[in-house]
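These are the structures in question, set out in turn.
There are two complexes below, and they share chain A, which is joined by chain B in the first and by chain C in the second.
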Partner chain A sequence: MTARPSVTSRISTSRSLGPHIQSDSTTLISASTAFTGTQPISLGPNVIIQLRARMTSAYGPINISENCLISERASIGLLSPPAPTQAEGEPTGVNLAPGVVIESGATVEATCIGAYTIIEAGAKVGKGAAIGEHCKVCAMVQLGEGAVVGDGMVVYGSGWGERRSEQGRQELEGMRRKAVTEQIEVLRRCWTGK
Partner chain B sequence: MSFPYTYISCPCTDVSTPINGSTEQNDDEEQERTFDPRSPRANFSLYTLEHLLYCEDCQQIRCPRCTLEEIVTWYCPNCLFEMPSSMVKSEAGRCTRNCFNCPICIGPLAVTSVHPDPVQRSLLGPWILSCGYCNWTSLEIGWQFKGLQDMRSEMGKLKIGGQYKAANSKTSASTPPTESTPDDDPDSVFTALRSFYNSQLSSSNATDPLLTPSGGINYSSPSSLARIMSLYTGRSSYGKKDPAKSTPMRESVDPSEGLQIFDPASDTAAIEKLRTQGWTSTASTAQQTEQKHPPRFTSDLRPTQAQLRTKRSKRCRTCRHILVKPEAKVQSTRFRIRLVALNYIPTITLKPLQPSPSTQLPLLDLNALPVLRASQFLLTLKNPLFDPVKITLGTPAHAPGKNSHKVTILCPQFDIGPNADQWDEALGDNKNRRASKLLSTSKVEYVGGERGKVAEAGKVWEKGRNWTTVVVEVVCQDVGEDGEGEDVLEIPVFLRMEWEGDTMEREEGGSGSGGGGGLKGEERKEKRELAFWVVVGVGKVGRLEGPTLAASP
Partner chain C sequence: MPPKPASSKPKGDYIETDTGNKVARRSQLYGTQNIILGGRTTIQPEVCIRGDLVRAAPPKDPKDPKSGASANTSVMVGRYTFVSTGSILRPPHRLHKGTVSYHPLKIGDHTFIGERCIIEAASIGDHVYIGKGAVLGKMVIVKDWVKVLEGAVVAAGTVVPSGCVVGGRPARVVGEVGDGWGMHEGMEGGDMRELWRSVG
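On to the complex of A and B.
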């Protein structure tokens, strides 16, 4: 009986050096997700993090709200120290509002991304950027540091991209919400089988 | 530009030189003159090997300039529907089905239903067009379509905002004038103006021979040609018509006739819109060129019909034989005939031969080649032919340009093996097999690295199944602080290849004069040769390291 170590000592030896992850019972995290850094990462309910996504909290916390979808090889979190000229009380790190979809290979360092915004494959959103609700950052667009995108905008084209605001889509916003929920639902069924 | 690169000069540019009495002398000059990659004309004759074709009948390289293109099929890139060439002109080269391009980002538009009941969305309208890329939908300009069948004509009737145009000028004339609001749609204004001027032209001088009854101008009839000639030759007019008698034409005076009165309010509205919505609301030049009537704002852009694409075949300009012929079926990406130069001309690659580690010299950097010191490069030629090829390389002793860099090919004459069955090599002796593995351009090679080999004059560096590597030695001169592009080292190499190719007797009857009666229809060997200039871009010449260092002792 003495061979078995006590509970307290087991915890102390297996203490992970990675970030503190706070998640819900409905959160799905792929085993190959790389969590690095020291600051807390919080994942809301129904969040799905797919294969080989990278969550880096070395330079700021990550806060992902419910119903978000992080696709394969996406990178979330600051990859370099934030700009020193940041006022007190402003949000730090990366904050994703509910229903945000990050597609594969995208790099997100933005301070905040609004609800039901989609960041398409290979897009890059720089440090300190703020993206509004119901936006779309098209594939391979690179938004620089501190970029501000208003609500309902589409950023498309190459490089920094061109912008246009969507009009007459008020009735279609519900559709987007539905599409994200269904996508997450299907993925969940594929993963868990229920 | 990333170094190293290889361009091949198509000899077709030399054909354009005038042929006069002293042809022979000119020829000699032509042949003695070395190709200068820096001359402005060289830009038009240098191609990568992948862009070149080869004419088997002329036995010559063919570049895009010496081929003729013929259109095989017209098809829509969206629906892959083939359009008969008779219809292409009347449809202005646009797809007639429901294929539209996004006015914002030119992506293809999808037809989707916005029926309130999601179950019936696949069957019932109203339908809208939506772009999968930039999220533009036709709802932004207020367009919804009743049916899927004739979206194109429905689109022609719709105005920005979703109202239907006034049906046409004839019906609007019958309705009371108070109701006929000026139609500001550019399309309807144009048609109104056109019909008005047509009627004016036909009524004012009905006898004008230049005009056809439909209002167009008829250039093909002899009488109208004579009239045109008389216009140019003098005032002795053909019809002897008194200019005073011809009735002057009336201009349009009514909106139904296409008159548009300038409205200052529209200008202020435009300025106001610019002020409030800013740059993003204005249409870019690229967006405007796609439109029939270029508007100022993105809110006035209309979806455009998809433009047709073509499949083309290529012919040799000299002998008119077909060099490239794609399959006529749109869905197929295969070719019936494809004589690309890649299958006839050796591929030429260059890579640096790094100095031996024992010499402690720095590694060769192609973006800063060492100055006043010999640097060696490996020039590898790979044979695509099934016959062994004899290669002769020639290069000017000094690379063209102001700074004459010394260039020496250590072994200018060598053979390359045939591109025969790979098994021959695999089953052959050990040494050859090992050598074949070395043909990887990524591998770094050192002087004396493999089996203590050192570059020697007159000896090939390495030889494989269908490739041979020789050493090129370059001594760069100091380029100083010269202008742009002066520090780029490009070596013109004259490549002459000789091989004994198989020829099938083609012209059964015509070969009588050849005397080869017994060889008819058989395969026989024929000596062939091909010669052309190649430009090898080696790298950039570096700065001379520390001129003070050289001066100090």
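On to the complex of A and C.
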């Protein structure tokens, strides 16, 4: 394998390589994460991006808030140009609210995903989709372009999926928050020993 | 004659260990010190095994006698088990007594895992056939002689009894495996020696 220039030496060169990444000192990014595209990517505090995740900002910026967890082989960002009908003031790119968990192999092109929502393994969320808070998109569900999912919904089953609302949402909110923060803590300890 | 390292390098895409495990060079194994392959196991290219997700604290559950021995093991794969290309093996985690803990992932003997599967199960038994694209959720327990159909999504925490065929999203029991399941060489769920021999 040929030696690649280290991150520090790449930053010092005048030519910009890849997207501009804005991150916090508490952000953990795996070395095998692939960042591509030209538009800015911002990563909040306590975000963990696991092995071989792909962040594509070629067609829109990526904005990930604090306490998000991106698992291995997940793909975040638009993979094709956005719909031309989009109005001016609307949010563009991919925006993840705090505490969103993206599990292994999921593909997320959604415009916004609400706080403490879980996108399970292998699920696909099409571009322009808006997903509410405390939702769960179960494994292998494919949500099409522009899909809208309300707060506290579970989408499961095959294809576009069946939906049901989460029972006893009040208690679950605290649980989700705890589960996500604990998971991030454990992973951080696993990786950094701190 | 070329020097030995040069001649051995283009030999094959697989590394064969002393115990006969065939591990693809292009597989993505993380935390290899926590992964135990039982011998004559095949790991195909692009397979991702997350051995780094190991339980940090010593086991708190005194009821499980095995947990002490496996405290530092995250993935255990049995003999003649075949993991097809693109699959992800990932130890499951759960929220237990207010903390998240990772549990070891155990896979039995003569088990076949199809292409692009995502396995987060707690244990998978012997002579299990998992069709391609299946997802086994967190803490799923699959007993012996089970067939998981293609594209099935086994929901988190499910226990699949032995001798069942499960399929669908979410996966339900759709039938039973026949009498000859696991008896015949080269059949689904059957003896996997021939498949192991044919690799690499």
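The definition used in the following text is that the second predicted complex is superposed on the first by the 178 of 194 C-alpha atoms of A that agree within 3 Å, B and C clash if a C-alpha of one lies under 4 Å from a C-alpha of the other, contacts with A are read in each partner's own complex, and residues count from 1 in each chain.
The rule is short, and it goes like this: contacts are C-beta pairs under 8 Å (C-beta built on N, C-alpha and C of every residue); 3 or more make two chains touch, one makes a residue touch a chain.
In this text the structure is predicted, and so the values were computed from the model without any measurement.
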item: First (chain B), second (chain C), both or neither touched by A:157; value: both
item: Chain B versus chain C as contact partner of A:41, first or second or both or neither; value: neither
item: Partner contacting more residues of chain A (chain B vs chain C); value: C
item: Contacts of A:121 with chain B and chain C, given as first, second, both or neither; value: second
item: Partner chain in contact with A:190 - chain B first, chain C second, else both or neither; value: second
item: First (chain B), second (chain C), both or neither touched by A:131; value: neither
item: Partner chain in contact with A:179 - chain B first, chain C second, else both or neither; value: second
item: Footprint overlap on chain A, where chain B in one structure and chain C in the other make contact; value: 138, 156-157
item: Residue numbers on chain B that touch chain A, as the complex places them; value: 104-105, 114, 133-137, 139-140, 142, 280, 284, 298-299
item: Touching residues (chain side chain A, partner chain B) in the complex; value: 136, 138, 154, 156-157, 162-169, 171-172
item: Complex contact set, residues of chain A against chain C; value: 51-52, 72-73, 104-105, 120-122, 138-141, 156-158, 175, 178-179, 182-183, 185-187, 189-191
item: Touching residues on chain C, where the partner in the complex is chain A; value: 28, 30, 48, 50, 52-54, 56, 88, 90, 93, 95, 98-102, 118, 120, 133, 135, 137, 151, 153, 155, 168-170
